Amino acid sequence: SNNFFLLSGPCAIEGEDMAMRIAEVIVKVTDELKIPYVFKGSFKKANRSRADSFTGIGDEKALKILRKVSETFKVPTITDIHEVSDADMAAEYVDVLQIPAFLVRQTDLVVAAAETGKTVNLKKGQFMSPESMKHAVNKVKESDNENVWITDRGTMFGYQDMIVDFRGVPTMKQYAPVVLDVTHSLQQPNQASGVTGGRPELINTMARAGIAAGVDGIFMETHFDPANAKSDGANMLDLKMLPQLLKNLTALRQTINSLPSLVNN
Amino acid sequence: SNNFFLLSGPCAIEGEDMAMRIAEVIVKVTDELKIPYVFKGSFKKANRSRADSFTGIGDEKALKILRKVSETFKVPTITDIHEVSDADMAAEYVDVLQIPAFLVRQTDLVVAAAETGKTVNLKKGQFMSPESMKHAVNKVKESDNENVWITDRGTMFGYQDMIVDFRGVPTMKQYAPVVLDVTHSLQQPNQASGVTGGRPELINTMARAGIAAGVDGIFMETHFDPANAKSDGANMLDLKMLPQLLKNLTALRQTINSLPSLVNN
Amino acid sequence: SNNFFLLSGPCAIEGEDMAMRIAEVIVKVTDELKIPYVFKGSFKKANRSRADSFTGIGDEKALKILRKVSETFKVPTITDIHEVSDADMAAEYVDVLQIPAFLVRQTDLVVAAAETGKTVNLKKGQFMSPESMKHAVNKVKESDNENVWITDRGTMFGYQDMIVDFRGVPTMKQYAPVVLDVTHSLQQPNQASGVTGGRPELINTMARAGIAAGVDGIFMETHFDPANAKSDGANMLDLKMLPQLLKNLTALRQTINSLPSLVNN
Amino acid sequence: SNNFFLLSGPCAIEGEDMAMRIAEVIVKVTDELKIPYVFKGSFKKANRSRADSFTGIGDEKALKILRKVSETFKVPTITDIHEVSDADMAAEYVDVLQIPAFLVRQTDLVVAAAETGKTVNLKKGQFMSPESMKHAVNKVKESDNENVWITDRGTMFGYQDMIVDFRGVPTMKQYAPVVLDVTHSLQQPNQASGVTGGRPELINTMARAGIAAGVDGIFMETHFDPANAKSDGANMLDLKMLPQLLKNLTALRQTINSLPSLVNN
């Protein structure tokens, strides 16, 4: 298909049931819409603001759930890694290794991910320009791994806010396929409370703008009960809204695909 | 029609011939595409960085050209005003008075524009949040004038750059119809040289994202010879590219209009 | 003296008594400390967020109070102007004309101020780089007026915040004497409520950093009852604290003046 | 003494000779001025933009040089760590473990550093507010380690620039002693070239402003030949200028220490 691809799932793997339940809904609708789908779930949360935040259910337990989702639904999976030693471990269970935005400048980590041979999804640092992602992509390619994506999760805009710079889409597409992380880019971080806020009512607007700007993929965290999710509940999409949203984005993508390019002749 | 509306023309009125020539091209394509069109041209440029920049051909001379465009092509016109005394003068010649972004906090000026009874187009200050435009809109409405638009021309992002915050579109649509100023929001201002730069190769991306995010109108400066335009040449659209761009945006708008809304039920 | 100079007074002239009362306190302490002093008061507030904010007691009435302060205490005075027609009017009453930050790109206004022959105090736009103030300064100098100052009142940092970039002090001193506007640079603007917040507890820190960074002057709004001031109460200094603050800054300035320069030999 | 403390040395340990040579100069002047001094050197550079940047001479070799500096000159040393496994290794050789700004949200790393019992120097992320550093400090304290500092190395301001927010000094002093990283905060990062620029001519201004704003310590990278240093040459201080700079800052600190506090009575 010539549709966008989708990285989606809960923020953190909280348990097998919730993972399977979310995967089932998304697999059904993405099959129908011919959206290439990768199930996303973090096996641990290593960079919480506060030490008392939820960090996970145990690394191996969570990774095994990712494998089960993959085997049950025949979909690839993605998870994020935080230390060099995570790379080989996670690579045994998942298909795509994600480098968190805060860590994308850590050469050792990026190279370790690249050397597993898995696809590497590099999140653009909130503190980085689109142009500077070229160097991060090159670290993967110079490790003989051409399977690399860039995901934009927004850019720091003052202390309490993130902004998505859509000018970066065509820029970064020169280096690798570009994914828009719709839900994280709507975060409002750095709150004095240590609990990140969000604006999920804007998911629709941002996703549409992303498709129109030409992104190759959409990243979106979702949960059937965001208010009770163990992390990032403030900005996840309610799973009930996902099917119609994906239908709309697919229609938009078809139109975008059909537009003649502008020629300055 | 249910299409977006268009504010377009050269940055500054440099003379009658160029104004008529540009208007003719735009009128033709907007008629065809059922795009409500307002011809835009500044009668003077009052806020140049440098004192030696082009500021205009004479106020009355430029305003008369705007009137001639209006009468010849049966289209409304818009121009920007900079002092209270400009309001009544410009209102004799044009249909929409625009308040420049730097001046949108000047209550006297906004009220003077509102009191002419003409539609008032308020540019969001580069230093203002979408939410704070509510107060500027209210200054118009409290002057018994309901005809007010908001135009977003980007937000300051560091000293040398502007960024468009598409989250602001749904926010500002609560107050008034929202226009995206595609060409100015791609400026790169504050250069030490005093000459503003731009990135016109991104006009297509930004305009598509704007339509997808739900803007009501598009603002775009254009010239048949941007490199030799007397102001803002660095970011105007080449007039040759305008027709295909508007066709594409119209197709995109039709898709956007057709999408069912998301319901969280 | 080799001390810094001071621009200080209430935000707005609310009446004669309050102006005289504030001037008396400041004149006494600045005489003692050999601080060249200019009494500051706005004769109108033209750029309030909301139309229902206080805008003044009447232009001529306020300007006459400024003149009375000047004659009574033998100090120069400064006020801000907003339209070309304000320049000549204000110049009859005060010694320094100030161009507000939002308006510093308006060539007509800057030139009108310059042509009065009075000293022109250019506030750096919140949206401008230090380097770009060179062009504003040149507009004054090219009007045959060498008496020009630059005042930094902070730079936009996200929608709700301002930050002072002290790197700009040595940069802007190349163009003109540089003043730090301590109280406005601590504003937190653009609140959805339309009422600007502030952080007056940081006045001491900012003023010290400014003197250490080498500013020529300090701008500070003050009131004997900030909580009941008619504008900017959220960030004015309580007048009671001013004398000790100025003593401290004078001591700091003496040390700064005495430090040998660094030589890279 | 009641003087500020100093963290200084080369960016990276390039070899024993250069480390000893730099230490000797700094130890001499800090002894004279009663400045508590900690020798700084990175044993590896793990977060270079480009894969072909210098990353170090070998971990153990560099750490042994740090130990030799410490033993020779009787000064404590500091180095930065990047992975959990670095913490114990580095703690055998140095007195202070530094968490890089990009990594300060990594709970595992912060806790591993804290659990060594060494002092932990937390660099404020370029993407973090002063207020949010409270949570990072708490991660150290909750690991039963009260020896924690915060170092501010500037805050992201647009893609190509950093800015120091001196308002953060009093805020962060509520949590821990605060250090100003003068040289890194003058970086101009994210260049498309992958090579960070800098503005070393502003070191003097920033250091003075920091002392005046009340920082407890100064961090400053220095080299006897910045142009040929293997990393960060664009913003290090020339070692020849360090003695006079420290003398000046000491004089300034004495004045700051002597100022009566402001009382709002």
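By written order: A, B, C and D. Residues from 1 in each chain.
One rule holds in what follows: a contact is a pair of C-beta atoms (placed from the backbone, for glycine too) under 8 Å apart; a residue touches a chain by one contact, two chains touch by 3 or more.
Everything numeric here is computed off the predicted structure, so don't read it as measured data.
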| field | Number of steps on the shortest touching-chain route linking chain A and chain D | value | 1
| note | A student comparing C-D to A-C should find more C-beta pairs in contact for C-D
| field | chain A-chain C separation of Cα centroids, rounded to whole Å | value | 48
| Where chain C and chain D are represented by their mean Cα positions, the distance between them in whole Å | 35
| field | Junction residues of chain B, two or more chains touched | value | 155, 157, 159-160
| query | What topology does the chain contact graph adopt: line, ring, star, complete, or other? | reply | complete
| If you look only at chain C, which of its residues touch chain B in the complex? | 46-51, 55, 82-85, 102-103, 105-108, 111, 125-129, 131-132, 134-135, 138-139, 142, 155-156, 159-160, 189-192, 194
| request: Within their complex, state which residues of chain D touch chain C. | output: 155, 157, 163-167, 169-170, 186, 199, 201-202, 204-206, 208-214, 238, 240-241, 244-245, 247-248, 251-252, 254-256, 258-260, 262-265
| request: Sort out for me which residues of chain B touch chain D in the complex. | output: 157-161
